[in-house]
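Before I ask anything, here is the structure I am working with.
Going in written order, the chains are labelled A, B, C, D, E, F, G and H, and every chain counts its residues from 1.
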Amino acid sequence: MSWTVYLSGEIHTGWREAIRAGSEARGLPVRFCAPVTDHGASDDCGVAILGAEENEFWRDRKGAGINAIRTRTLIGQADIVVVRFGARYKQWNAAFDAGFAAALGKSLVILHPPEHAHALKEVDAAAQAVAETPEQVVEILDYVINGVLPA
Amino acid sequence: MSWTVYLSGEIHTGWREAIRAGSEARGLPVRFCAPVTDHGASDDCGVAILGAEENEFWRDRKGAGINAIRTRTLIGQADIVVVRFGARYKQWNAAFDAGFAAALGKSLVILHPPEHAHALKEVDAAAQAVAETPEQVVEILDYVINGVLPA
Amino acid sequence: MSWTVYLSGEIHTGWREAIRAGSEARGLPVRFCAPVTDHGASDDCGVAILGAEENEFWRDRKGAGINAIRTRTLIGQADIVVVRFGARYKQWNAAFDAGFAAALGKSLVILHPPEHAHALKEVDAAAQAVAETPEQVVEILDYVINGVLPA
Amino acid sequence: MSWTVYLSGEIHTGWREAIRAGSEARGLPVRFCAPVTDHGASDDCGVAILGAEENEFWRDRKGAGINAIRTRTLIGQADIVVVRFGARYKQWNAAFDAGFAAALGKSLVILHPPEHAHALKEVDAAAQAVAETPEQVVEILDYVINGVLPA
Amino acid sequence: MSWTVYLSGEIHTGWREAIRAGSEARGLPVRFCAPVTDHGASDDCGVAILGAEENEFWRDRKGAGINAIRTRTLIGQADIVVVRFGARYKQWNAAFDAGFAAALGKSLVILHPPEHAHALKEVDAAAQAVAETPEQVVEILDYVINGVLPA
Amino acid sequence: MSWTVYLSGEIHTGWREAIRAGSEARGLPVRFCAPVTDHGASDDCGVAILGAEENEFWRDRKGAGINAIRTRTLIGQADIVVVRFGARYKQWNAAFDAGFAAALGKSLVILHPPEHAHALKEVDAAAQAVAETPEQVVEILDYVINGVLPA
Amino acid sequence: MSWTVYLSGEIHTGWREAIRAGSEARGLPVRFCAPVTDHGASDDCGVAILGAEENEFWRDRKGAGINAIRTRTLIGQADIVVVRFGARYKQWNAAFDAGFAAALGKSLVILHPPEHAHALKEVDAAAQAVAETPEQVVEILDYVINGVLPA
Amino acid sequence: MSWTVYLSGEIHTGWREAIRAGSEARGLPVRFCAPVTDHGASDDCGVAILGAEENEFWRDRKGAGINAIRTRTLIGQADIVVVRFGARYKQWNAAFDAGFAAALGKSLVILHPPEHAHALKEVDAAAQAVAETPEQVVEILDYVINGVLPA
């Protein structure tokens, strides 16, 4: 059996790659998926495909609609949704994804530095695990899939 | 991973083939499905298989029931439902499919010429994207699946 | 017990009032609801409340979003959804509502003149009853609620 | 019929009271509900009721669990969920509530100042309406319930 | 609190009246509902309301559609569905209702004479209780609602 | 894509084999499934596996429970549920399966001789197609899957 | 608005009465419900109503079926399910109810003495709150409903 | 077709291995899954991966959350959930899993020695089969999958 893990949230550090590499190193049977993490493409997709907009609000709306096709579909297929909150930006779509996944009954792992703990308390309380590092997420996957604890 | 895309609506132009060909040209991992697009077969299937009817209303009912087996099953399996409204005919079954897909939480892409925009405003508002050409639908698929924007 | 009936579709004739009056005359315990049937208000609500838009497409989108708050909520509460198709206009939102209601498992009554029967065959086939007159809808309600047949 | 509206998000300005007062002035049949908006009580409830915790993380967890009993129940009963994002703080639980409500198929109204539009584009795209002022939310309710547009 | 009990199945003996009278004698807070039990009306409703049909099959279809509006709505509202199988007739719609209610997760009580036990074994196995007399159904209701056992 | 078709109901004639053979002859991509059709095994399975019972009622219950594991699982996986009513026996479990499948939103094909039409009118009205012969079911499958009408 | 709270589990101490009395003293708008807590009646109901059984296993089965009509219905209506584990007995039905309620997405409060904490860790982890005394449950209700913390 | 069977409950005897070996000997197409059955790993996983806790209660909570990722995902994928209750320990998580699986509509097989029958009567009543030995579970699987009864 293969597990499907959706990696939502912060797109400015290499945490997704760290989780992917760590999982691969252990040979875990996981299919990872994620939103489009190219910030520029994610902002431009609506107008690049469907035509220019003068109004910024509708420019964003066009792009957000197309991005939602990807994110909703992949979250719907995931066994586990990992949501990472980083040090900067509002990251409201990360929290939105967490709420969306929670309402669908998905297993939720929240990944954030300790200083965000109080601001994220409601989100953390909806999760099955709260981690601080990508390596911990890999260890969770290894344990959940194989029953193997860290050496 | 393979995506499943249902192509609903207008059956008198080659838009389905354009989307299929464009997707194939880009090597997109998509399984397309659709209603039976042979208009005559779609009208006749009920009486051809289950026996003649004198009354046109019940002749249509017999056929619509059989067609629904196909359309409901395939819409239920789809990740994305594309609905095309063309220049002619009432096309109420296209709008019905859009409403059905929306209530199931499917991602919805509406494809229509600009002159139908006002008449389709409620349908468009339920969609993640509104396109005018089959090529735009292919570009949406390429972006949603691969994160690739038009050159 | 009170029944809730949503009256969707055509807004240019008095069919809703005919059904309401007929039901009231029989003392039927029905709560009727409907979309906003003032065409102008329905078109303008988005920009009138949330601010003007230069682009017609987004003007329509703003209004359609607000209208959807009403229609989705009320369809979700209905026991029976009656959808009327009239002689003119595209009426795609009527067909959309029918598809939406069908996917929610609502009881569906379609009301249309006989000349639309072939174009509406898929919609009719998803319905529990197809009527031609508002009086027939009242009779369906009286029978369904009280077991009373027309005299 | 009475409508149920849940008011989620920012707790440092009087927007909830403005919506309540505006609705009451118009005589709208709305039952409003909301999270506990006393910041201190919301932070302390876990340890005040279930006993002290040395560790801040678990102190927050205890409180967040109890708060979730209220918020999940009331969001589940709401017809419309209004989520307000203010000028300060992370407000991740507001975005979480929006995602949760969206996945449940609730009608969603997002209320925020224009400068947050880009950061909230995915959240806005999941909503039926995006407003800037409490008065607009009241006008949406008046239109949705009574079909009445602003004078 | 009031309980809603749907009484499905056999329409040729007075079992519904016996359950109603017994419940009333005990003052049980139960709202009973049922299909239209006037056999003639149930057969005729389609053509009486929506117009004659030459073909018996479609005459039946018209009526069955209208009856389904009542039965599906009321089964959907029921807390408990009681299905009675009598000595005569095929009673396939009774078994259909039992299957429908079981799939909806309704509590199911089957009422039949002992000689039907083997033929009904799959249906009985889906039920929470199998009774032989209306009085037993009343006693089940009294116990389930009030915790009162037979004297 | 492969379709899954569950063949429920009458077990005393070769209709399942006819449908299977006809589908194979046409090369249809269908996976057929069915209840255990060995009448004796179906009756005995409970006591044969879990131990004897003196009371016939509980002997039947034990068997029906085990049979339900198979039937509920396979009906849940089916795209189409075909239910055959034959000339003899009560066949209440066939009607129960039809109701169960209808409530799950499965496509339903009912197969019966014309003389059962009136007794089955409610069941037929819940179906997408009503056939009289296994060959018609094969033709429905060929049309639904391939869009091919009978020659 | 009134809240519905189901009190599941241990039936040998007065914890239900303590919660009811404490809530009443605070004037909380709560409707409490519970299984039949008369141990003898709960064991006997099957055979007392539906007739004697020689075999203890089936005697229990008859009673458990009838009890399930009450418990499943009331848990399905509850906003909050409180499950109490006491000092003695296996109390597997309490844990079963907790699992059932969790899968339905109900808010869950577990009430147990500290010595059961390790054995109940999976159950506690599925709950929004873990309390030790009935008074704490009353305080949770007062806070959740009114935002009032203990003095 | 392959069946998925989740083996929940008691972890101190070799019943899972007996079922696996028996199924393999018969060549049954079954994918078995289970919780992590290494008691120590199951207790330690939270703190081993996510960091130490002084408080036992939160140590357990961390581990239970991670274990839930595995158990909820695998129960959600299962066609059949087998729950074994052994001679010792509280085994509340086994009963919790049974309730969770029942609410999801999974087929449920309960496996326990006869002396637990009375304490498990509500759990047994929610199951399709109650077995005493692993061999009986294998025979149920062989019958359910292949229609084969014990020799």
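As a convention for this text, a residue touches a chain if its C-beta (ideal position, glycine included) is under 8 Å from a C-beta of that chain, and two chains touch if they have at least 3 such contacts.
Because the structure is predicted, anything quoted here is derived from the model rather than measured.
Colleague: Return the chain pair with more inter-chain C-beta contacts, choosing between D-H and A-B.
Modeller: Of D-H and A-B, it is A-B that has more C-beta pairs in contact.
Colleague: Which of these, E-F, B-F or D-H, gives back the F-H interface, meaning over half of its contact pairs coincide by residue number?
Modeller: B-F
Colleague: Can you give the whole-Å distance between the Cα centres of chain F and chain G?
Modeller: Chain centroid spacing, chain F to chain G, equals 41 Å.
Colleague: Give, as an integer number of Å, the spacing between the C-alpha centres of chain H and chain E.
Modeller: 37
Colleague: So the centre of each chain is just the mean of its C-alpha atoms; given that, what is the distance between chain C and chain G in Å?
Modeller: 43
Colleague: Pull out every residue in chain G that's touching 2 or more other chains.
Modeller: In chain G, residues 65, 68, 105, 130 touch at least two other chains, as defined above.
Colleague: Show me the residue ranges of chain C that touch chain A in the complex, using the header's touch definition.
Modeller: Touching chain A: residues 53-55, 58 of chain C.
Colleague: Chain G touches which residues of chain H in the complex?
Modeller: For chain H paired with chain G, touching residues are 56-57, 60-61, 63-65, 67-68, 71, 85, 89-104, 116-126.
Colleague: Hey, which residues of chain E end up touching chain C in the complex?
Modeller: Checking each residue of chain E against chain C gives 31, 33, 36-38, 41, 44-45, 48-50, 62, 65-66, 68-70, 72-73, 77.
Colleague: Residue numbers of chain E touching chain G in their complex, please.
Modeller: Checking each residue of chain E against chain G gives 1, 3, 79-80, 105, 107, 109, 127-131, 136, 139-140, 143-145, 147, 149-150.
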